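In structure tokens below, several structures.
Okay, so subunit A shows up in both of these, paired with subunit B first and subunit C after.
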Partner chain A sequence: MRYIKIYLTCVRIAFSQAAAYRTDFILGNVITLLSNILFPLVTVVIYANGAEFPGWTMWEVLLIQSVFSMSNGLSAMLTNGVLWVTFDHIREGSFEIVLLKPLPPLFYLMAINFSTGSLGHFAGGLVLTIVSALNSGADACGIPAFLLLFAAGTAVMCGLDLIMAAISFKWVGNSRIPEIFDSISEFGKYPLGIFPKPLRILAAFVIPVAVVGFFPASALLGRSESYMLLAVIPCAVFLAFGIWLYNRMIKRYEGVGG
Partner chain B sequence: MSWLKHKLEICRAVAFVTYNEWSAYRSHSLVSVFVGPVYFIVQYFIWTAVYGDSSSFGGMELEQTVRYFGVSALIGYLTMDFADWNLQMLVRTGKFLTFALRPVHHRFFALSQKLGHRVLGFIFEFLPCFLIFLFVFRIDIIPVHIGWTVLSVALAFLMNFYVNYCIGMTAFYFVQARGIRTVYQLVSSVFSGVLVPLSFFPGSVQWVMMFLPFQYTNYITAMVWSGSESIGELGLTIPQAVMFQGVATVVAALFSELVYRASIKRFTAVGA
Partner chain C sequence: MQAIRVDDLTKTYTTYKRDSGFAAALKSFFRREKVTVNAVDGVSFTIEQGTVCGILGPNGAGKSTTIKMLCGALFPTSGNIDVLGFSPARDRAKYVHRIGAVFGQKSQLIFDIPPIDSFVMNKAIYGISDDEYKKRLGEMTEMFGVGDVIYKPTRVLSLGERMKCEFIMSMLHAPEIVFLDEPTIGLDVIAKNKIREVISEMNRNGTTFILTTHDLEDVEQLADNVIIINHGKKVFDAPLEKLKNTLGSRKMIDLTLAKPFPGSEINGVPVTAGDDELHISLEIDVGERSITEFLSTLASYAEFTDISVKSLPMDAIITRIYTE
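Now for the complex of A and B:
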């Protein structure tokens, strides 16, 4: 209960800070919204030229991508700040400031780095998801499975952020670490069937990025298969691994910067 | 002649120092050896699925499209630029003052830095990825016309730099110009042909793009590298496309000088 109160206070402060720099906040979110519009451009161009992903309509593919975007926006609000602040603290050799706080370091960093700037990302994904769902004949019966898989997908994205942050304890000052994981998450933005079987298994159960966009969208479209719900387990494991790794790497913090 | 020699000496010295400075972070560059092929694999499967049984899409065959994305990634390693970020940081913090006092134009200094940085990129990003694309993925990635390709890459290198430098100069007018950079990068990623070859866009869009700088930083060079015989809506030959690129680069260079002369008057050296 105490932690929830602290977290909510930090969220309130984050919004107050955003209100102090209103123009920057609004501009930042508008830009993010615009980037959301451009994000599915490849899909639109493909379908505008009369081609298609076999067995998928344009709105169905856009639904996958907008759910991915929504999940990405939500995880960015919750954990993406941890990555960059950890990265800076390690490079500066100032992580002791976090360790001295009377709270678990990971929780403290998550709370004070709630990102209001990612609201536009989430909102853009939400709007696009609703529009795509309405145009692709989504099935309301699939909403419970969708919500479960969406939560699992967001857990994967949060897990990725924490793993990246944990890596920065050893790979000091490498701002390109996120690119590695961004490239892997590309597999979650398209119908899984276009990839060969080994990559499908990898994206569904090992680094479960398919659960971020493809599985929830399939549930909403009534196209889910029984094995998809099983993928919730590796997602939980993935998040737990991220938390464990981050906490373990804190013990290896050397405090010398880099 | 001695003026040119002096300039080249400065350029070599700055490039050499930048190379050594960034060599300490060469493992950062090696990230591309993983990221580049992974993005390529995704693109390969996307376009293989999209083409299906059809032989051509947007005027390009599957093999051409796959090669386009490989080439496009390689061009990115050769021309990557962050002059905009660097200049904005210098102006915002007031550190630009140290450059304003030096007997070297900051743009020339920044260009020399970019040369050194990209030599490093050539060794640790371009070469490994080139070999992976060629021998692992077995893409026909060798330029068809090496002379035209080298010239086109050089022009893309300069074009990218001049345009980014202009974006960086917005920092003289705004305290925080990060938003402008983000918008530019967003628009550029679409209209430079990094996400999709411009030939997949409607003819009218391609025609408008002839008068904007974006396609000269990637698309034209990728098509020249691939040896395309008819580039864009105008159906340009390779020499014509490179000529257009050359003219656009000269215009961008002149424009950046005009903006620089107007902007430098606003520099207060106070920082923010």
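Now for the complex of A and C:
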């Protein structure tokens, strides 16, 4: 109960912080919302020109991409702030400010760095998911599996953020590492069948980015396969590993000269 | 009663060294020279509850590293720390509930919004009741005279206003021990005095303060005890009075001359140049020779229009201890 109260207070403060620059706050969310609505344009153009992802209709592919976007937005709200703030604290040697709070550092950073800017990202994804689901004949029976896989996919994205943040305790100032992980996560935006088999295994079980968009969308479309639910396990492992590694690396924190 | 006990505390860092210039930068890209730094090297001390302890030392001496270990923010390489019965780094989450800290160069306030929002966040984090929060906030804003300031965005506050708010932020939960790392750095005299007044007031009410500073006035006005650290080692640990008496048998004689004095010593006492050629200083050890006898002969060596005899200033004492 105490933690929920703290989290809600911090989220409220995060909104006050974002609203301190009103134009930036409104513009930022509108731009994110628009870019989320516009990103499926490439898919629309591909299908409009007679090309396709074999075996997948345009609305089905759009569903995969919008679920991916929604999961990305949610994980960004929860943990993306932790990543960038950790980078800054480590480089400036100010992480002790975090350690002075009588809370688990990871929880405190997640609460105080709740990313209001990602609301637009999440909302854009949600709207497109609903529209795509309605147009692609999604099956309501798939909703439980969808929710499970969606949570698993969000866990992967959060785990990736935490692993990258943890790495910065050792390799200070590597702010471009996220670009590598962003590129890897792109695999989750497309039907897995279009990739060669080694990549499919990699995206399903090793760095399970297929669970971010493709697997939950498949569940909603009634096209899921039994092995997909198995991928929940590596997702949970990914998140647990991210949390464990982050907490472990805090002990390595040495600060800079006072 | 002991609030803090530190035994044989050591903190070792590994860092990298390289020369300046492009070639050195290129070389270090492939091969970096590792350097081990003993930031704190076998330091032991105790601090009594309800006192103010000043930790002094030149830049890079290990003061801030010591404070960070005492706060639980850094794990010691070896040695033991006991603060209020806690091992700070190991028991961090429980322990930090009972301490406060102000780092003069690192802000705990949220930059874009007014301090009052940061205070509300700490209220939730520390589980301060509504009544207690109102009471403490009212008392502290009155003490610091920042009733209106706390409603302005932090980014528009002056350094002095911000530091006062940093203090409030760190003390809202009524900590038993407060660590202050250079709390008056960069502040004007009025802000410094206000902060010192509040520290004295809170200390009278039982709060223990541990203070690192380069401002010796902070120490002279606040500290009961002084610990001096140099090159990671403790070189002095005693009450403030003892520090003043360390070189207490030495007196400084400042002279304003009627005309320049060409010599380098007066009656065997070396001459130190002052601001200009008409101002000189003489440092005399009154334990070794009579000041009455020295002063009675002084006029025969140099013609002067003004004279003052005073104890050695604190900064001279400290500098002497650093360099010894």
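Definition applied: the second predicted complex is superposed on the first by the 254 of 258 C-alpha atoms of A that agree within 3 Å, B and C clash if a C-alpha of one lies under 4 Å from a C-alpha of the other, contacts with A are read in each partner's own complex, and residues count from 1 in each chain.
By our rule, contacts are C-beta pairs under 8 Å (C-beta built on N, C-alpha and C of every residue); 3 or more make two chains touch, one makes a residue touch a chain.
Note that the coordinates shown come from a computational prediction; the quantities given were computed from them, not determined experimentally.
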*Looking at the combined model built on subunit A, do subunit B and subunit C fit side by side or clash?*
fit
_Which of subunit B and subunit C A:Trp84 touches, first, second, both or neither_ = neither
*asked:* Just checking: does A:Phe107 make contact with subunit B only, subunit C only, both, or neither of them? Give me first, second, both or neither.
replied: neither
*Touched partner set for A:Arg176, first subunit B, second subunit C, both or neither*: first
*With the two structures laid over each other on chain A, which partner does A:Phe241 touch: subunit B (first), subunit C (second), both, or neither?*
neither
_Per-residue touch tally on subunit A - higher for subunit B or for subunit C_ = B
*Is A:Lys251 touching the first partner subunit B, the second partner subunit C, both, or neither of them?*
second
_Least C-alpha distance (whole Å) that remains between subunit C and subunit B when both complexes are overlaid_ = 5
_Touching residues (chain side subunit C, partner subunit A) in the complex_ = 13, 60, 63-65, 67-68, 71-75, 92-94, 96-97, 101, 103, 105-108, 110, 112-113, 117-118, 120-121, 123-127, 153, 181-182, 212
*Where on subunit B is subunit A touching in the complex?*
25, 27-28, 31, 34-35, 38-39, 41-42, 45-46, 48-52, 54, 57-58, 176, 179, 182-183, 186, 189-190, 195-196, 200-201
*Mind pulling up the subunit A residues that touch subunit C in the complex?*
2, 5-6, 9-10, 13, 16-17, 20-21, 94-97, 99-104, 108, 112, 251, 253-255, 257-258
*Over in the complex, which subunit A residues touch subunit B? Could you list them?*
24, 27-28, 31, 34-35, 38, 41-42, 45-46, 49, 51-54, 171, 173-177, 179-180, 182-184, 186-187, 190-191, 194-196, 199
